[in-house]
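Quick one: this structure, given as structure tokens, is what I'll be asking you about.
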Amino acid sequence: MVDTTSQNATATSQNTRKGEGLILNNVTVQYRTAGVTSTALHGINMSVHPGEVVGLVGESGCGKSTTAKAICGLVPVTDGEVRYEGVAVDPLGFRKRPKTLQRIQMVFQNPYASLNPRRKIKAQLEDARAINEGTAPSVDELLDLVELPRESANLYPRQFSGGQRQRIAIARAMATGPSLLIGDEPIASLDASLQSKVAMLMKKVTRESGAAMLFISHDLSVVRLIVDRLYVMHEGRIVEEGETEEVWNHPKNRYTQRLLASIPIPDGSGTLPTVLE
Amino acid sequence: MSEQPVSGLMPFAGLRRRLRDNGFLKSLRTPLGIIGVIFVAFWILMAIFGPLVEPYDPLAQEFDRLQAPNATNWFGTDQVGRDVFSRVIASARVTIPISVFIVVVSVCVGSFIGALAGYLGKVFDEIIMRLTDIMFAFPSIILAMIISATLGPGLKNAVIALLVVSWPSYARIVRSMVLTLKSSEFVIAGRLIGRGVLSSLIVDVLPNVLTSMLVLLFTDFGGAVLMLSNLSFLGLGVLPPDPDWGTMVQNGMGNFSAWWVALFPGLAILTLVISVNFIGDALQDSLDLQNVTSHA
Amino acid sequence: MVMNNKAMNTGSNAGPALADGSSSVEAGAYGLDIENLDMTLNGKHLLNKVCLHVEPGKVTGLAGESGSGKSLTSLSVLKLFPDDAKVTGRIMYKGRNLLDLSEHSINGIRGREIALVFQDPTASLHPMISIQGQMTDHMRHHLGLSKKDAIAKAEHLLAMVHIPDPVGALKKYPHQFSGGQLQRIAIAMAMACDPTILIADEPTTALDVTVQAEILHLLRELCDKFGLTLILVTHDLGVMSALADNIAVMKAGEIVEYGTRHDIITDPKNPYTKSLIDALPMNMMKRGA
Amino acid sequence: MTNTAESAEPAAQSPEDGAATARKAGADTAPKRRHPLARYIIRRFFVCVLLVWGVGTITFFLTNVVPADPAAALISDKVAKSNPEIVAAIRHRMGLDQPLRVRYFIYFRNLLHGDLGTSSLTTNPVSRDLARAFPATLELSIIVFVLTVLISMFLGLLAAIHKKTLLDKIIQVFSLFSISMPGFWVAMLAFYIFFFRLHWFSGGGRLDSSLVPPPTVTGMYLVDSLLNDDPVAFTNALSHIMLPALTLTFLNLGSLIRFCRQSAIEAEQSDYTLGARAKGLPSRTVTIRYVFRGASLPILNMTGLTFGALLSGAVLTETVFSWHGIGEYAYNAATSLDLNGIMGSGLLVGVIYIFINFFVDILCGILDPRVRVQ
């Protein structure tokens, strides 16, 4: 697949890879906590085509994280279905994860809990390389990929900052040669200056390897920076979807408008974000 | 595609270095820590070199009965004329290894059951938790008393009773740890790269539970010594004539004026248990310190 | 009065230090002056000669990444740092150095003249004490109000911060409110004794962006209505650009740049500030990086 | 500690989405649950009943299943070997020839009728022995429970306030001594020193043999003597109860002090305490209104567990003071292998312990607004 470096080339146009990518149709997820059933997802329909970079934005508690878990089979789907490359995603039970689904990898929000504190970086990257169907990049290449010094391989996670640990988590995910990378609020715990850099890094590594990415975040301005298409989620429902610039400049849904209006613009003008009812 | 050799399993190398890093050895240098180390060393030596140190045969009734502590019998003699000092030393050879055995076995059994309950969840977890709730419904000594009485008095049955009584608390602690670890990101990441349940438990979960288990081993050792002595005091543990601190104190019950019969075995229990607790506290403080720094 | 301070700060001194920091511009508005604030805590040098002039009646922003010492600086104003911290320097407020005050006299200022709003309202409010209990206890202590008057004032304050059904809200407990509502209550609580200075430590970081917008409006409203001097501590340059009049940028316990909002955001001089501004998604878009 | 953490919902707990959605939809539109406290109490009650049933099953299992031949276990081996017909008669009387299921049913029916079998030691029905011994232990336990809770909260909170000072160290060493000492030995020491040698208190039994115990109303001498305004009996009973009460209190102080200290430290370092200090409240108010209240729930919960330790302690100490309570009864049953006696006292103590924890749970539920008010 020809790698187009220009940042906002629409991926769908040169979709030469086979397979239908990720499809969520009518996915509903309910939780029973202390006798009360609450619905986190009300019939979600979503898709991520191979090689595409898609965004999923929404405020806390809107169900973004549940969606990510449903895609990886970490949460049982009460109704509807998640399919990847034609294979239904079943909840990750006690069996090993099926081969095709191992192509979906995830980067999590909390860098401090993403790596096993008791094992060296090299061991954790080797485990990931083990399931790469093709020829997995070497540990050194992986560390170069995420702009970390090669000596990091022999260190323990506690010897790294939050930002560095997140880069290692990205390297581990890419080591498996995924065809779909899920970022579940991957930049939320990082310093502001790092957030855009790490988001751009994730886009670069997935684009170079031809993988697709679903980038989940509540920070719309960073999402706008890297995704071609995005979904807006509110209280368990998808309220809007479309090309990034289209949604950003002409939001149709009431909630999206309110969300976009409330983002403070760092232009030094001292204008308060508008509060739409 | 063979399973990667599990290199992370040798935790003790890492543990020694980590203990040195986070000042466990430094925290031992407090006055309490020093006292703790001295007494524990003393009792371990007594347990190992007991026969060489005992002046007389702990079982021989060769002295006048109920002699107050004097030059020949440093701790005096008991109601059947045995040397109390020799018996106190001899009892260390019984109580310490047995207590270590009880704590280690119940920690292992408890952790295994707790880990499975935490990891497998649902039905298995429910059964285990309800069972431990019921076991906790009895105050510990009373349940131990009932079990060892039913099995019949004797050290073997007392140990069984104490094992049955002790494993639930470890099962609960490990279960809650495993529950938090199971939902933590690095364990999920492990499952996502195809790690099976067992390998995930061994490689990702247990090494992170191990350090806390070691602290528990230390802090609960004292409890095991006390429980064993309690059972012996009730006549359900070590049977006469074998030397045991619990039974020796019970002998002192009969004749109050001979205060030495009960005093010295009790002092032995106290010094052993409190010194282990001093070390356990030092271990606990340094680990709390370590946990704080690792997530700063 | 717009500060025309173009002082280039190469050193660590930020902005002109008015002699006694007490010259008030609007009636009743008071600023404060932090001079060479230095702090070391168990071996680590956390604050390094911080100098900051907080203009009366204006919003002074303290920006910087995590670990830059911005929160510590704001907490030091009320001497809320750990006892074993070694602190030197002066914090001039109404002609007095707050650092020299005894515990009793600084208590007289805490909550009374200088109030604090924290990042996470669900943690800074006691889960087992009712809203009324937590709103009125310091009011009655500082202002000597009777229980009835304190409750009446609490209702008025809750209405001021747009809490629906203030009377009912007083009887409820913190766990019965959403994050946004709790932050409003915390702000009302801080305003209870009509403070001259309000310190807001990452007031909107724990909130959703829609709720954040409402809180920013509320803070602006309070500043305009009461001539309040606000110290806004945040890492979010968007929030800073919306609310702050002057901005001081901190890095590793030092103020590396101080200036008006417009200058700092659009024309930063210090390389570190420049890197922060460039890292903003908006600017990354422009450069097509 | 990165303080730039956004408020994005935690990735780990997925239920957060569901619960947050409910909360997000405004507190009032969340599904209204009828009086949550009642639900909480009912749920705790069922757990309580389940535990009692569990305790009964355990004692049944231990008496009827574990020993190879329960009947033989009741009488000495010599007799059992020489005349098997006695063993057969006992087996029949105990219904041992019935299938297990039926015996289980019979066992529980007897339990419900309060029939705990007869004690091989006292040859009385165990339930009558226990009923006679219960008030003595109850009287002792109440005094010890109150003393333990008050002293340990005082010392624990004192140590927390003066953290890392000499006072804190002294209290810590004191509680370590209390944890590390065997109960029976402390009882003997106390008895020997304070009664045998110093005669500060009277020892042995609940009342001087020369005095006539007050007519039983509650069975508790202190209360009965007050009811019959018999000051002589009261003072005598008081001096008899002091030594066992102080001993048991000392034994139970250790773990509760450490727990109170830990809870108080955590409350003192919490954000709401910083918030209270930032409001300019005097430190005394902050400590009492915010720190103590924050630490109160965990401490209250822990006191329920302390009652368990207290009952265990009684078994080991009542004998030394010849305090004729359940503890001494259990001790005598244990040392003479009176199986029914052991099972009966174990069961009674287990059930008392379950109900104490049940009431403590309810109290915690009432005091905690997060449970009381939804």
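Each chain gets a letter, A, B, C and D, in the order it is written, and its residues are counted from 1.
Here is the rule we go by: contacts are C-beta pairs under 8 Å (C-beta built on N, C-alpha and C of every residue); 3 or more make two chains touch, one makes a residue touch a chain.
Only a predicted model underlies this, so the values are computations on that prediction, with no experimental measurement involved.
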**Chain pair with the higher count of C-beta pairs in contact (A-B, C-D)** = C-D
**Request:** Averaging each chain's C-alpha atoms to get its centre, pick out the one most distant from chain B.
**Result:** C
**Message:** Based only on mean CA positions, could you tell me how far chain A sits from chain B in angstrom?
**Reply:** 48
**Asked** Counting in whole Å, what is the centre-to-centre distance of chain A and chain D, each centre being its mean C-alpha position?
**Response** 52
**Prompt:** So what's the Cα centroid distance for chain B and chain D, whole Å?
**Reply:** 23
**Prompt:** chain A: which residues touch two or more other chains?
**Reply:** 60, 74, 108-110, 113, 191-192, 218-219
**Contacts with 2+ other chains: residues of chain C** = 65-66, 208, 235
**Prompt:** Residue numbers in chain D touching 2 or more other chains?
**Reply:** 1-2, 4-7, 11-12, 23-24
**Asked** How about chain C: which of its residues touch chain A in the complex?
**Response** 65-66, 208-210, 212-214, 216-217, 220, 235-245, 261-266, 275-277, 279-282, 284-285, 288-289
**Prompt:** Which positions of chain A touch chain B when the two form their complex?
**Reply:** 72, 74, 92, 94-97, 102, 104-106, 108-110, 112-119, 123, 126-128, 130-131, 158, 169, 172-173, 176
**Message:** With touch defined as at the start, can you tell me which chain B residues reach chain A in the complex?
**Reply:** 1, 4, 7-8, 11, 14, 120, 184-186, 188-197, 203-204, 207-208, 294-295
**Asked** How about chain B: which of its residues touch chain D in the complex?
**Response** 32, 130, 133-134, 137-143, 145-147, 149-153, 183-185, 222, 226, 229-230, 233-236, 245-246, 249-250, 252-253, 256-257, 259, 262-263, 265-266, 269-270, 273-274, 277-278, 281, 296
**Message:** Considering only the defined contacts, which chain C positions touch chain D in the complex?
**Reply:** 65-67, 71, 78, 80, 103, 107-112, 115-116, 118-120, 123-130, 137-138, 141-142, 172-173, 175-179, 186, 189, 202, 205-208, 235
